[in-house]
Amino acid sequence: MTDSSFLTSGQTDPAVGASSATSAAAADRAALLSVRDLRVVIDGLHILHGVDLDVAPSGVTALLGRNGAGKTTTVKAIMGLVPRTGSLRFAGTELVKLPTHLVVRQGIGYAPEDRGIFAGLTVAENLRLAERDGSPAYDLVHELFPELKQRAGQLAGTLSGGQQQMVAIGRTLLNGNRLIIADEPTKGLAPKIVAEVADVLERAAATVPVLLVEQNLALVRRLAGTCAVLADGRTAHRGGTAELLADEEAARRLLGVGRPAPAATSVPGPAPTPTVAVPPPVVPTATVTKEVAP
Amino acid sequence: MSTDTSTTSTGSAADGKSAPGRADRAIPRTGESITERSTLIYRALRWWPIALLILFLVAPYSALPLPGLLDGPLGSPGSLQLIALCLVYGALATGYDLLLGRTGLLSFGHALYFATGLYATDLAMLELQLPFAAAALFGIGCSISLALLLGSVSLRVTGIGFSMVTLAFAQAGSILVQRNPGGVTGGEEGRAAPVEMLPDSLVGIENTANLYWIALGYLVLTLAVVQWTVSSPTGRIWEGIKENERRVEVLGLRPYGFKLVAFVIAGGLAGAGGVVYLLLTGGATPQAATSDATLALLVMVVLGGSGTRWGPLLGGVLYTWAGHRLGDLANSSAIADLPAVLRVPLSQPLFLLGALFVAVVYLLPGGLAKLPARIRAGRSKTDTVGVPGPAHSLEGGTT
Amino acid sequence: MDTVVLLTCTGLGLGALYFLVASGLSLIFGLMDVLNFAHGALLSVGAYATWWAGTEGGMGFWLAVVFGTAVGTVAAVLLELVLIRPLYNRPRDQILATVGVGLAVPALLMGIWGADSRPFPQPAALSGTVGLFGAIVPVNRFVLLAAAALVLVALRLFLSRTRYGLVVRAGVEDRAMVTALGIDVRKAFTLVFAIGGAAAALGGALSGLYFGSVHPGQGTSLLIFAFVVVVMGGMGSVTGAAVASVAVGLVQQFANYYTAAGLGDLSVVVLLAVLLLVRPRGLTGRLA
């Protein structure tokens, strides 16, 4: 996590109320997945304190925020990979009580942040493991990623990062999913591969709605119609992607991009200790205070 | 699991402190007679450690017969011996819980440090001709040094790896003791303590009361050390490590050193326990070093309540007492007349203890020490606020 | 020379026994992170069930072995369904529960059949010896080796050829990700317990052959060496467990014979600590 995120994060709070009020109107269009008051506590540590989010019934919805804002945790909470409370309504079904495998069987494909491929299994085995119904769409996957067909017998651990990402995305396309969740699919990839992944996502989004966690704002601008921005485990903004990115001041405040504000650059020294700057709700302290959920 | 137990443990600790005032003020608020009576019972229950202490102090002078609980009257040598043994195991379990319940370290090798204290003291007298006091210091020193050495190595791995490394080291120690290298450890028979090297006041059946005092002293020492370290700044780091080691690391602290401190203190306490055990049983036997001995400590701690002040003591005392009494029970005619389906399991103390252990893990995750809190929680379910402590006493204070 | 041959055969036989215990232990730990302290108890159950079937039950030897293995399998499945599964979110309590079972079951066996060793029925065909390079080797060593080899091949086929094998291999690497592909990994849990219980119980049945008798603590005393094998071979790795079993069995036999008795056991146990310290990753699952 970066220093600037800590130093400026306190300033996002005033805007939260206003922006979520406007986005509530946008949410009225029946969302495919609507997340309300999502909270996550891991080992006594409060990580999400109320995330609200709507995934549009078509196209790409972006989930944005600085490093450590809670994007990955949000996605994991939707999948049931971390203990969570709140409401997760997916096409009329409440997911919050379901174990992970049943969440997936509702028709959600998940490409996790670390790609989640099985290094000791071959490419073909990785794909075979993801088969859920009788007619896996190998035609589609192999058409989008011809390389996966050529490398079917290769151990997935020996693939390049880009190829591994193709396996991860390929797995989500294999089944007739109703939603695809991709957590930073372009992270650490070469520009050429990023473009390739972006093309695939764009194509996939034409038929299946996608919830995309992404730091590459050019990509977000190109793919995502709506977005939600997280800060410190809360939703800080919801609305149209174009509007957000057009407003330079808001983008900088919420995402820490653009020209850095003078306050951020004037700070001396590389790393002020995190605890000092963390805003009240998270307080990890040495004395391990018991935090009681409000 | 960790969050659950720790939250409740702080809850009950706070309980204990605010106990008398809170109970007093709670009475007028709740007019019902049943609640009143139970409040009185709880108030009485809060003072049980004091009552127990008084009981322990008068025990050697008492001729009170406790049929069923003890064979002879309370102050008889046989009873005192058994009580002393119970106290030693209670203390050993309390020391072991410094690792399991306070720091979150699951060691499968704690018996090694107990056996080191036991054997090193015995052998220092037998082979080095040291007087008892010097031998005892030597024995405890050996335990501490070994704990420092093996702890610094074992703690390089975390999680179940740590458990297995400690198991391996302890097993090596156990094999070593049983193989009787150079005829020193006495193999399967062990070595009896040299009577001529021990102070006269600690030898012979007529001096059992003195051994009892030593056992009680060792228990008080252990409780004091554990209580003192746990409430020190280091103790709070231990709690943090137990809950979430990563969080401690994020704060720029290295958990390794803190864990090592816990390991060495626990090892030293176990070594001291070995010395007391040597006096009590008059010799060192290889059973003390087996992994079964560590598992027994584990059972005691979990049975009584890991991470609580009195739980491990309670578990240790109960386990030891039950181990002895169940053995007698097994041979009794009451059992012999039962049909085989009942007689066979009931005649095996280890079966009963193993089954009880599983049952406690399942049905009573906090151990016996959490039982009163659970019952209270069950009763006050109708109360709007389920959390005991400050909220209640504030409310009560306004009346 | 003949001593070396005999020691080798005996070491291999012991290694085979270790493999039968360790293969299941390794799969269970690799997939579920449960260090199953009750695994030795499963071996004892298998041993006693076989002994009972072969004596009081009046079955022939091989039928008794099948019976013993079946009983061990059922016991393992019950252990997983009744005790392990409800504690799914409390990993430490899962281990503690297996510790309790590991204490209770041998005590129960002791209560029923006594603490003393019971002579194990030896079929005439397996109780003899064969000459091998000048050494006289008991036949039962080869029975153990054959059984272990059979189990190894069967396990490898299961892991590489079946869908559940694929799930197990993937689960050893990353259990959460397997569930995130829509797979109910708990079925695989029960399955590895069944497999592990069957192998351990078969080991128990054949350990009666190897030692000539059964006693309640049989499995528990083998368990620590099985732990060595599991860590040495890599958690979750069946082939690794096979190689490590052979190594541990041989080292133990030779060291015990040529140096002071007990030094072999000691060296193997110290080896466990050294391995864990040098290669803490030995605990993270890799399947081969």
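For reference, chains read A, B and C in written order, and residue numbers begin at 1 within each chain.
Note that a contact is a pair of C-beta atoms (placed from the backbone, for glycine too) under 8 Å apart; a residue touches a chain by one contact, two chains touch by 3 or more.
What you see is a predicted model, and the numbers here were worked out from it, not measured in a lab.
Ranked by number of C-beta pairs in contact, the top chain pair is B-C.
Of all chains, the one whose Cα centroid sits at the greatest distance from that of chain A is B. The mean-CA centres of chain B and chain C are about 33 angstrom from one another, to the nearest whole unit. Separation between the centroids of chain A and chain C, computed from CA atoms only, is 44 Å. Distance between chain centres (mean CA atoms), chain A to chain B: 48 Å. Those residues of chain C that touch chain A in the shared complex are 163, 166-167, 169-170, 173-174, 176-185, 286-288.
Partner chain C is touched in their complex by these residues of chain A: 79, 81, 99-101, 104-105, 110, 112, 116, 118-121, 125, 128-130, 132, 171, 175.
By the touch criterion stated above, chain B contacts chain C in their complex at residues 1, 106, 153-154, 156-161, 163-165, 167-169, 171-172, 175-176, 178-179, 181, 291, 295, 298-299, 302, 344-345, 347-351, 353-355, 357-358, 361-362, 365.
Looking at the complex, you find that chain B touches chain A at residues 2-3, 6-7, 10, 236-237, 239-240, 243-244, 247-248, 250-253, 387. Across the complex, chain C meets chain B through its residues 29, 33, 35, 83, 86-87, 89-93, 95-97, 99-108, 110-112, 224, 227-228, 231, 260-263, 265-266, 269-270, 272-273, 276-277, 280, 283.
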